[in-house]
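Contents: one structure, followed by commentary.
Chain IDs A, B, C and D follow the sequence of writing; residue 1 opens each chain.
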Amino acid sequence: MKIDRRSFLAFGVGGAVGTAITPLPWKLMDDSSIWSQNWPWTPVPLDGAINYQPSVCTLCKGGCGINVRKIDDRPVKIEGLKANPINKGGICLLGLSGLQLLYGEDNRVKSPLKRVGKRGSGKFKKISWQQAITEMVEKLGAIRLKAQSHTLACISETELGTTASLIGRFMTAFGSKNYIRTPSFLDSLEAAILKTTGTSAAQVAFDFENSDYILSFGSGLLEGWGSPVRMFMANSALEDKKGTLAQAEPRLSNTAAKADKWLPVNPGTEADLAFSMCAVIIQKALYNTNFTAAATGLEGFKSFVTANYAPEKIAKSTGIKAEVITRIATSFAKAKNPVAVCGKGSGDTPGSLKESLAIVCLNALVGNINKKGGLWLTSEPDYIKWPEFINDDASTAGLQKNRIDSAQSGKYKDTRFLLNNFADAVLDDYEYPVNALMVYRANPMYTMPDSEKVKKAFEKIPFVMSFSSYMDETALYSDLILPDHVFLERYEDIPFASGYTKPYIGLARPVVDPLFDTMNTGDVIIQIAKRISNSIAGAFPWKDYETCLKETLGSMWAQLESQGFMTDQSYTPPSTVNFTFPDKIADAPAIEGDRGKYLLTLVPVDSIRINCGYIANPPFATKTVDDTVLFENDILVEINPATAKSLGLRDRKKAVLETPKGKASVRVFITDGIMPGVVGMPKGLGHFGYDSYIADKGVNVNALIGSLEDPETGLDAAWGIRAKLSPA
Amino acid sequence: MSDSDEKNGQSGIITLFFILGFIGSLLLGWIIFPELLYSKKEQPVAFNHALHNEEVANGCESCHFFREDGTFSGVPKLAQCVECHEEPIGVSEAELTFVTDYVAKGREVPWLIYSKQPDMVFFSHAAHVKMGKQDCVTCHGHIGESTSLKPYEENRFTGVSRDIWGGNIAGISMDSWDSMKMSDCDKCHKELTGRQTSVQTQRDACFVCHK
Amino acid sequence: MKDFHEKKYGMVIDLDKCTGCGSCMVACMSENNVPFKEDETKKRLSITWMKVYKFTNGKSFPETEVCYLPRPCMHCEGHGGHSPCVSVCPATATDYSTETGIVSQIYTRCFGCRYCMGACPYHARYFNWWDPVWPKGMEKQLSPNVSPRMRGIVEKCSFCYHRLQLAKEKAYSEGRREVRENEYQTSCTQGCPAGAITFGDLINPKHEVYKLKKDQNAFRLLERLGTNPKVYYISSREWVRRAGDNYLAHEKTGKKQNH
Amino acid sequence: MDSALIPVGVKRCSFPKFMLLLGAAGAVLAWGVFAMLLIWIKGLNQTNMNDYYGFAIWIWADLAVIAIGGGAFFSGFLKYIVGKDELKNIINYAVLLGFICYSSALLILAIDIGQPLRGWFIFWHANVHSMLTEVAFCLTCYFIVLTIEYLPLVLENRKLDKIPFFHNLTHNMHETMAVFAATGAFLSFFHQGSLGGVAGVLFGRPFAFREGVLIWPWTFFLFTWSAAAFGPCFTILATKILEKVTGKTLVKFNVIDLLARISGWMMLTYMIAKIADTAYWAFVLAPSKGFDVGFFYTNNEFYGWWILILELVICGIVPALILVTKKGRASKTALTTAVVLAVIGVCLNRWVMVLQVMAVPVMSFDTWATYCPSWQEVATTILPVAYAVILIAISYRYLPIFPQEAELNPIAPEEALADEQESTEETADVAGAEPAAQT
């Protein structure tokens, strides 16, 4: 009797037979699949009670109402707020992606930071709010001690609303006039309105909802222009009533694609086209005589346009046939409620005064200024009524100095802000150096044209402070970051929806407790103000921002708090306008660059899918971007097949794009949706701040284009630049 | 020993080993394996359903209620408990633990949920209780009459509560509340609703209970 | 003949109104826990349950015209619920419901053979080539109403079925069996700023989609294949309607096969 | 060294030389296994497949190996059912090739699915409407049959055969082999067909879709027919390769000739059916869906008319015509050319029915999809080849695969005599279908 191999074999066979009739193998097989169905590394969202909280989106100037869906205290989705009059429940993709801008930890500035490495190196150290505010107080206090209050500057996206007003008030109390707002097409329109009606500080709005003919000169009405969701709805309304949209633009943008008529116009000749249409309307006597009778200067205007802008004369330069110009002008004039609109792309470049004047005149000729479906002149909200305060000697002295950007005095006394002069002013020490810069809700390092110059200017400013919630390009170049809450974490009054006709105030409310160690910029300003000097402290009698906001809104607070917005839908503008037609118009500056050396014209391409403002495009939005715009990390520029053929370029292949401002590696996308000779380059790409989901994708078009001073307003009149494109 | 004896002895040994292997594997599979497969955890706070049931007016729904939107709240949140237990009621140890560790600190109790289904399951209490008029016991058993909470057992491999598969390792259930597998749902759906909305299975459609 | 559906949910998308803004895509992603990667430019590896196609009339400058076409899952009925994908799934992971007309996809049943993807001419089905990974902090955005998917399985648009589940819960708790038209709307429908998408029960005469699908300019994609989809499109442009299906050069747009 | 294991009456290369071959094949195998593990651990992102190309090189490889493995069922069918007894001299090898092909196919399927741990759902939660379900069931069953058919061959190893239990088992299994062969033929008819059905039922894919009878599209029958026709060509080709490698004639010409002739006629009839099917599809079916047949072969970088000509004419009609003529079969070059072309042809057909199907856009505004496999896909596709080399090498060395080998390659008399005696003794009670040569 011995135990041998066969015994073990028998044991094994017995074990196998036995195992087969136990649950072990079967349960394990089942469990292994259940395991694969519930992999521990695949997240399981926590369940809870669904609740909604209404608020207002501040990611762009649209002012849309949002409804935030939460699971218990955790926001999980942003939806449009049905009750809001602007967006009526609709929402754009940026708003929908908003939670990514809340939760994306790697993009957020999670506490006050002080720079420790070189500028732009991204090396910061965490400091406490106490330290941060002390740092600010010391830096700014030192400037005041040296009687250089005026050398403090501030760049912000807006001058409206309580927070911006607090900053503005701080600047004034501190002794600096250098509060600079980032530009918008409304700046130029404002100048045109001032010139033709004498009305200053008028807000220009367009009554698209009631218009039956929209004639747009390069406005990306469906590309993020104005209040985007409102524009989409207006377009659908136009579709429903079988109205007409005509789009003059060198590229077949979404707006042009939806237009009933696309007029591919040579870049830079849009104003000529508009004046030519004026000429047609005048020639055919299609203008609104009621309006023109009440207006002055029609004769001078008549002779000016007929002499210079007869369709036959400008057909060649604009690239639009004379009969097309005549036909469009005629149908425009014959429409019941036509409206002409300007502001290229998403409207963040002012453009030339000539262009704004041209469309104001077009609107005037058809008599639709302040009329149903036309161009409206509304007034800025005026609920912010804070007590006067007394400046001390330091601030009085500072306020004597001219602005660094040359606005509001001399040649450009009627222009309020000229950010386009800022970089030159810093680099050339116009009148005085900029010793400190505060940046609030802006990312000038990214959004200003001629990035190289802007970077140099920033490097020259001894102290840069950013209130950014995100590690954007400007924050990266700052010495101190005092991060604001993001829009879902704070109160904020939004008194404005770009291009909207009715008075409107929205209230953004905290829908979630601040996720990180951030502070409302309003509070930061109040705290700094209270500590720099008594006189400045005197201008800020409020305990904190929330108190200030409630006091400021006064009786409106209750309604804003409960509803999220206030509006007067019955508002109509004053029906009489004292309009004066201009009799001569200065030419806009020519597109920058040598036509001999640079054979093409580069135009920036705005898209609703890529936010090009101070907030970078969140991952969801970028995910929707076509591979004809961005492929891997390469940006694609659009060119016409004819252009491609002449330059020997192949579709999707690499090329080098060069302009007087710089050079970039790109790929080309060959499409019939763009004029020959024009290169379309997407805006909003090429960030180098933020995390890897946002940064290093493509090239920032602003690095390749510069700004051009409008001779009358000083505003940036540029839209595009001469360029050349060669195979890589 | 003769040759044949040896042969017999040898085959006897082989048979013995076979039986040893057979019995051993049976023991392993039926007794040891289930022990190893599940981890055991006590609930963070000793809870007496029976006692609470006597105190409340509305039975189970007093604490496990429907929200206004028709969704079911499930295991109560601390805020609900605090409505009565702001201060300790009575002097039991569990009560003290509960008040000092959770109520005072404002910390949610990490209850271990026996009937927690994996994430892919959508279960509508409203459909079953409000529309279907099912009682709680059908699926949850007599937990409402229990004076203490049994230890929570979790499948180490899948992370799913043992109550889903059921206590019986072979997956056999005697009472309707013994297990909560898909086949259990399906059985009842077939018997009670008889719906055949799934083209593929001729049973209830998949998107009734899955999300 | 009486329709074998209890409800037949479907969509009508007005291409005259669609501006190609992409809101529907993000509305879908943010509603349905759709994952995203650092690089989403390889579109054939990019999960977009709702995808906006852009195509032209093929004419050269300046006669070029563009159409944007949002493409969710078509929830094909095929013949008697045997849609192209449902009929081929070997593990019954995708199914057709006669209660709603919705083609379901059960992620935990799917074992990733991808046959359904090959079967779908609309490319509405997407495979999870990678484990879904959310950048730090972003997993907090995940909604508990939709189960996140694991690597190795196919997913697709569900017509936001979870919204019907929630709407039903509400109805039941109010003692109703019927869910109202406005109680069950997909996320893309709700989010579309142009109001181009309408959703509802295609066989309920009271629903908006019932009327819209009868529009003279309404068409469906690839009708000639017999997929019998539940998403209708409306376009006033003939070339767009023609692009909705395949035609021989001599055929007139809208010529239908007999089935 | 391993002479005790080598069959009686034949000569084999030296053991180190043999190990060298195994080592080389083993290295390739290891590379494939590494790629396979990468794919299992990291997932299918290791491939170059995408959402348009969900079916790619693996499914092609699956279809192709099963088609060429068709030699097993068809030879079995011919031998056991039709009664072509000569084929006993090649049937072992056909079975071995079949076993390799089918096990490879199953392995590739296991790699190809995104959730291998849930692979068994295809059986447990089977959807009877799905062609893939039919494939999985029949494939698995037939694989079991092939294992049963291969097993007695293994047990016939000189050493194993000495164990009485194994010896008797082998004998009994040979007795019943006809039953298994019949089962195999039946199962094969269905799974070869259902593999054809995989593409043919895709009514959303007008390039692949075919009408048919009941639930089976024409491709169902075409696939079965083509596997039966082309499979034996691969058996012949693999025999030719082995003969080349070993430098011996292993099968008598009459056996090859018979198989080639049957294969040739099968191919010819298949080609007629295939051309009829293609014509109906091109002129009736596809146009009825709005497709001009030219669309499928133009406007893209790869798929041109050439592929149709190559498949139907050069790798279809040409080899068929060679094989049906006596002269063609008699010429060594012609025969080899024909079987090579035939194997390419059937593989190309499977390629077209998978990869071109995926490439063709269906929506008018969609674009052609292109795809190029990643190294991981290539490695895992080559893995079965290395595996096949190893298994063939081992089987050939140690098992009496070719009954005619000893006769065709007589070895030195004294050696032979010793072996002969032994083998005669041992095989005395093994009657019937015993393939060992008894002269």
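Simple rule for what comes next: a contact is a pair of C-beta atoms (placed from the backbone, for glycine too) under 8 Å apart; a residue touches a chain by one contact, two chains touch by 3 or more.
As the structure is a computational prediction, the values presented were derived from the model and not from experiment.
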item	value
Number of hops, chain A to chain D, where each hop joins two touching chains	1
Averaged-CA centre spacing for the pair chain C and chain B, given as whole angstrom	37
Inter-chain centre distance, chain C versus chain D - centres from mean C-alpha coordinates, in Å	41
Chain B and chain D: spacing of chain centres that average the CA atoms, whole Å	50
Chain centre separation (chain A, chain C; CA means) in Å	32
Residue numbers of chain B (touch at least two other chains)	69, 71, 118-120, 200
Of all residues in chain A, the ones touching two or more other chains	32, 35-37, 44-45, 47, 50
Numbers and ranges of chain C residues touching at least 2 other chains	42, 46, 82, 89, 92, 107-109, 131, 148, 150-152, 166
Touch relationships between chains, expressed as pairs	A-B, A-C, A-D, B-C, C-D
Chain C-touching residues of chain D, taken from the complex the two chains share	43-45, 49-55, 112-116, 118-119, 121-122, 125-127, 129-133, 136, 198, 201-206, 287-292, 357-358, 362-366, 369
Residue numbers on chain A that touch chain B, as the complex places them	1-3, 6-8, 10-19, 21-24, 27-28, 31-32, 34-35, 37-38, 40, 44-45, 47, 49-50
Interface residues, chain A side, partner chain D - complex	29, 32-33, 35-37
Touch list for chain B against partner chain C, complex	66, 69-71, 118-120, 122, 124-127, 130-131, 195-201, 205-208, 210-211
Complex interface listing, chain C residues touching chain A	14, 16-17, 19-23, 25-27, 29-31, 33, 36, 38-43, 46, 48, 52, 54, 56, 59-62, 64-68, 107-108, 131-132, 134-144, 148-152, 166, 190-196
